[in-house]
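Once you scroll down, you'll see the structures, which are given as structure tokens.
Two complexes, one shared chain (subunit A), two partners (subunit B, subunit C).
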Partner chain A sequence: MNILTLLQNLDRRWLYALLLLTVTVPFFLKIRLPVTVSPPTQKLYDKIESMPEGSFVLFGVDWGPGTRGENGAQTEVMMRHLMQRKIRFALLAFAPEPSVLCQNIAVKLQKEYNETHPEYGVQEGVTWVNWGYKVDQVNILKALVRDVPATVSADVHNHTIADLPVMKGIHSAKDISLILNVNPTASYQAYIQFVQGPYKIPMGLAPTAVMAPETYTYLDSGQLVGMLNGLQGAIEYEQLLGVIGRATVDSNSLSFAHLLIISLILLGNIAMLLERSQRARAGGAR
Partner chain B sequence: MNWISANKEAIGLWIGAICTLGLYSVLYKENKLYRLFEHIFLGLATGFGVAATWNEVLKPKWWEPIWVKGQWWWILTLVAGLLYYFIYSRKYNWLARAMIGFFLGVASGQSFQGFVNDLWPQIRTSFKPLIPHALIAKTADHPAIKAVTLPDAINNLIFMVTLLCVMSYFFFSFEQKHPVQKGMAKMGRWLMMFTFGAIFGSTIMARLALLIDRMDYLLNDFGPRIGGPVVMFGLLMALTVLLLVLVTAQKQQTDAETE
Partner chain C sequence: MFHEAPGGSGAWWGWVIGSLVVSAVFLALLQLIPQRFRRYVILAITFLGGLYFALEFFLPTHAMPTPQDPKAEGNFLTPYLVPFGNVATVIGAWTVGVGVLNLCQVHGRRLTRGGSNVIYSFAFFVSMIAMLVFGLLKDVNKTFTDIYDLLFMHGLNTLDATMFSIIAFYIVSAAYRAFRVRSAEATLLLITAVIVMLGQVAVGQMLTSAIPKDSMLAFLRIEGIRNWVLTIINAAATRAIGFGLGIGGLAVALRIWLGLERGSYFE
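This part shows the complex of A and B:
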């Protein structure tokens, strides 16, 4: 069996093993491959950077454990930026899991910042709040933009939100400076259709890489001010923030895995073409 | 119970690691261990969803208003919901159809509003300037118009060509016979292929990100529990080698049987 036939008939599990090796070894490397920041990431960063201290962000989180690898890193890095900039935010989930997952991320970051940067003053109820899980996305959003305290009466700890310092001055859509949505599905469109569009509130999106290509039209039309494209977007954002978070730790693995996939595609195609030409020559000789 | 409370984090990490390895065992071949963990995952997600919906939505928004605040009229929502079950009755299924019709009407109205807010800005911004020009200052008659550089104009031209070609591919009102129409439609198909290629590439990136997250968990979160990331890496490689030996032995057996 020559090398071409071997490549064409290679058991797929050898490729899985190679991928596993490519993904795990970079965790032990000290080098950091260069990261180029894409315009959608830069625009979202610039938008948050330009917001005044104390602004209020509606932070929609609609992801679950299945997409934690991408959406978890995106949520964490954007939360970091909001906390660093002393911008208030409210978490809102239209699925059961993200309310808990994002509460954990926010509490973890709050603990970290209170130890390393107490000057940020990060405190639940004062600088951020978790409105929890809600059902019926469209109707909740439509009611929310008219009257926030009436729609979201209490946070996840059952505190009346009207009494929380973080909600001071927040009554309706006009008090919201930015919408952020971390979403692995197309339900981000409800935010565009019923909040961003009618009330002209700037919106940033963090979809999974699968969803990202179809969101570029919203960037082009100005309906989105910026976007984080999957894990790569989170890596770029961490680069801009100057932090080494989970995304940056994973960045080497992603780059090496991309190189492997590209190499395998090229190798597979070259082997197929060479084998075909060999077969054609052998056929001609007969 | 005290031991469980004291070791909550460690137990969680062990369960996470065992579940991850169990689910990835499908990469070798379909097996019962994989099925077991798949069903556990689905069951947990469903159970969590039901509990969260009761605790965070139904209890505070429906149950407590009825039984604590005495707002009895909320019971009508249960009646409305139960009407859906008349779909199983031949005689009274019109009651279910009435509810379905009502909510279809609500959804249609919302969709229309959503459609306008979603697509209208995209249609409007599809009209792009193709000729480069300098900044046009704001006057009483019109707002300021930003400058269009040569690269912007080329970019806009590519956009317009793509838009028209792809739209012409989906124009089915009459047969496309003219060479220009046929050429545009063919070009449209090619341009869509580029898009599908980009989507496929992004899908690979997304799936890799999920794999990387799990490996990060095994090496850096769970790894320290069994001696560090290097030990976990060694364990993963040992498992992989074992599976590859099994794969090779299986293949040799199949080849021998074929011969």
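This part shows the complex of A and C:
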């Protein structure tokens, strides 16, 4: 087997080993590469920045452990911003895992801010609440927009939400200032269809990078005010907030994994083209 | 009414047990329906359910104040949206139960018959029972809470993340083998993919970072080209696909609503 054929048919175990190294080694590097903030990220940041203190955000979290690398970082950075801006938010999940995962993130940030920035006054039940996991997204959303306390009734700790200070003045969709949805699937469309559209509530989305291309139409139409495109969106958002969070730490791995894939694709193609030209020359010589 | 009772109180337990009994009786009655009539029951419920939501959406609206929201608007069907939504949620929850029963049947049969894959059925029962038991008992004491956390956060979540992470390895292998410039279309796709991928990450953005952001040539920065590809070319194609999907979805929804669909839905 000549070298050109070999380069087109590398054993997959070498590829796996290369990817493993490319993803893990950068975690130990201290280099922080600056990124350019994309317009969708900037718009979402500006929207939250412009909201008055005490506004209420419906924070849909529909991701699981499988996409935690991207969606976890997106959730964390948006929560940070809401907590810093003293904007109230309610977590709502349509799968069992995100309710627990996002509760943990919120509790972790609450602890961090209460130690470093007690002036933010972050407190569960007062500045944020977890409505928990609900079954049947479409019908819950249709009911929720009409009557929040009747539809949700209790938070994850089984406290009646109508009694919680965070829910003061929140009765229907008209009281919601912004919808945020962290979602690795197309089910964000239910929020657009049943909440954002009919009630003209601004909405921001945080999809995974692989899902992001199909959401640009909603940005163009104005149905989404902004978007965090995968982990890169979270990295950009952290840069805007001026924090080094989990997204920034993961940034190098993301960069090098992308470079590896591009390099391998180019390598395979260059080898293929060279081999073709060799064959053509050999054919011409005969 | 159900959630007005304080959680854990006698009234609350009364509602829970009462709801279960009523549901069980209702399911038993449904089971009594002869096989040949079941299709018509499903058709009727589907049609009435669809009719309610269609009428509620299309009927003209007028002021419909409620104590919670005096400025609310709607028609005479609107106040039933919340209870209907709750009914649909309850039906959804029951279907999860039916799914679990079905899984138990399938894996129970495999366990009794034996064979090479019996270990997977055994793992299913152990996992399901463990999660169920410790999920129900997690608030009883700290030991159960810790065991539940171990199973959920460090077991299920970690396995889920691992399963998904493995895809990255296959993607690298597949991209390397399949992404070859064998035609003009493939070449175009490759160039676009490389631009979008490079524009997506910090290392890629460094390649054109020498071009000042406020210069005339700023549009040549890789992240700018990526943004243009995504917002102009990609959005146009996605919109076209979206229209097709929307019309297709509408046709399927109408077929299901009107009982024209066949197969597992109605037979």
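The rule is simple: the second predicted complex is superposed on the first by the 284 of 286 C-alpha atoms of A that agree within 3 Å, B and C clash if a C-alpha of one lies under 4 Å from a C-alpha of the other, contacts with A are read in each partner's own complex, and residues count from 1 in each chain.
By our rule, a contact is a pair of C-beta atoms (placed from the backbone, for glycine too) under 8 Å apart; a residue touches a chain by one contact, two chains touch by 3 or more.
Worth saying up front: this structure is predicted, and the values here are computed from it rather than measured.
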{"item": "Clash-or-fit label for the pair subunit B, subunit C on subunit A", "value": "clash"}
{"item": "First, second, both or neither for A:36, with subunit B first and subunit C second", "value": "second"}
{"item": "First, second, both or neither for A:208, with subunit B first and subunit C second", "value": "first"}
{"item": "First (subunit B), second (subunit C), both or neither touched by A:143", "value": "second"}
{"item": "Subunit B versus subunit C as contact partner of A:223, first or second or both or neither", "value": "first"}
{"item": "Which of subunit B and subunit C A:28 touches, first, second, both or neither", "value": "first"}
{"item": "Partner chain in contact with A:121 - subunit B first, subunit C second, else both or neither", "value": "neither"}
{"item": "Which of subunit B and subunit C A:97 touches, first, second, both or neither", "value": "both"}
{"item": "First, second, both or neither for A:54, with subunit B first and subunit C second", "value": "neither"}
{"item": "Contacts of A:165 with subunit B and subunit C, given as first, second, both or neither", "value": "neither"}
{"item": "Stretch of subunit B, among 75-83, 111-119, 147-155 or 237-245, that runs into subunit C once the two complexes are superposed", "value": "75-83"}
{"item": "Residues of subunit A at both interfaces, subunit B in one complex, subunit C in the other", "value": "16, 19, 23, 64, 66-69, 97, 100, 134-135, 153-154, 158, 209, 212-214, 217, 220, 229-230, 232, 254, 257-258, 261"}
{"item": "Subunit A residues within the subunit C interface of the complex", "value": "10, 12, 15-16, 18-19, 23, 33-36, 38-39, 64-69, 97, 100-101, 104, 134-136, 139-140, 142-143, 146-147, 149-151, 153-154, 158, 160, 171-172, 174, 209, 212-214, 216-217, 219-220, 229-230, 232, 235, 251-252, 254-262, 264-269, 272-273"}
{"item": "Contact footprint of subunit A on subunit C as seen in their complex", "value": "3, 7-8, 66, 68-69, 71-72, 74, 78, 81-82, 84-86, 88-89, 92-93, 96, 152-153, 156-158, 160-161, 163-165, 168-169, 171-173, 175-177, 179-181, 190, 193-194, 197-198, 200-206, 213, 221, 223, 227, 230-231, 234-235, 238-239, 241-242"}
{"item": "Subunit A contact footprint on subunit B (complex, rising order)", "value": "27-28, 45, 48-49, 51-53, 56-57, 60, 110, 113-118, 121-122, 124-125, 159, 195, 198-199, 202-206, 208-216, 219-220, 229-230, 233, 236-237, 240, 243-244, 247, 251"}
{"item": "Subunit B-touching residues of subunit A, taken from the complex the two chains share", "value": "11, 13-14, 16-17, 19-21, 23-24, 27-28, 64, 66-70, 72, 96-97, 99-100, 132-135, 138, 153-154, 156, 158, 189-190, 192-194, 196-198, 208-210, 212-214, 217-218, 220-223, 229-232, 246, 249-250, 253-254, 257-258, 261"}
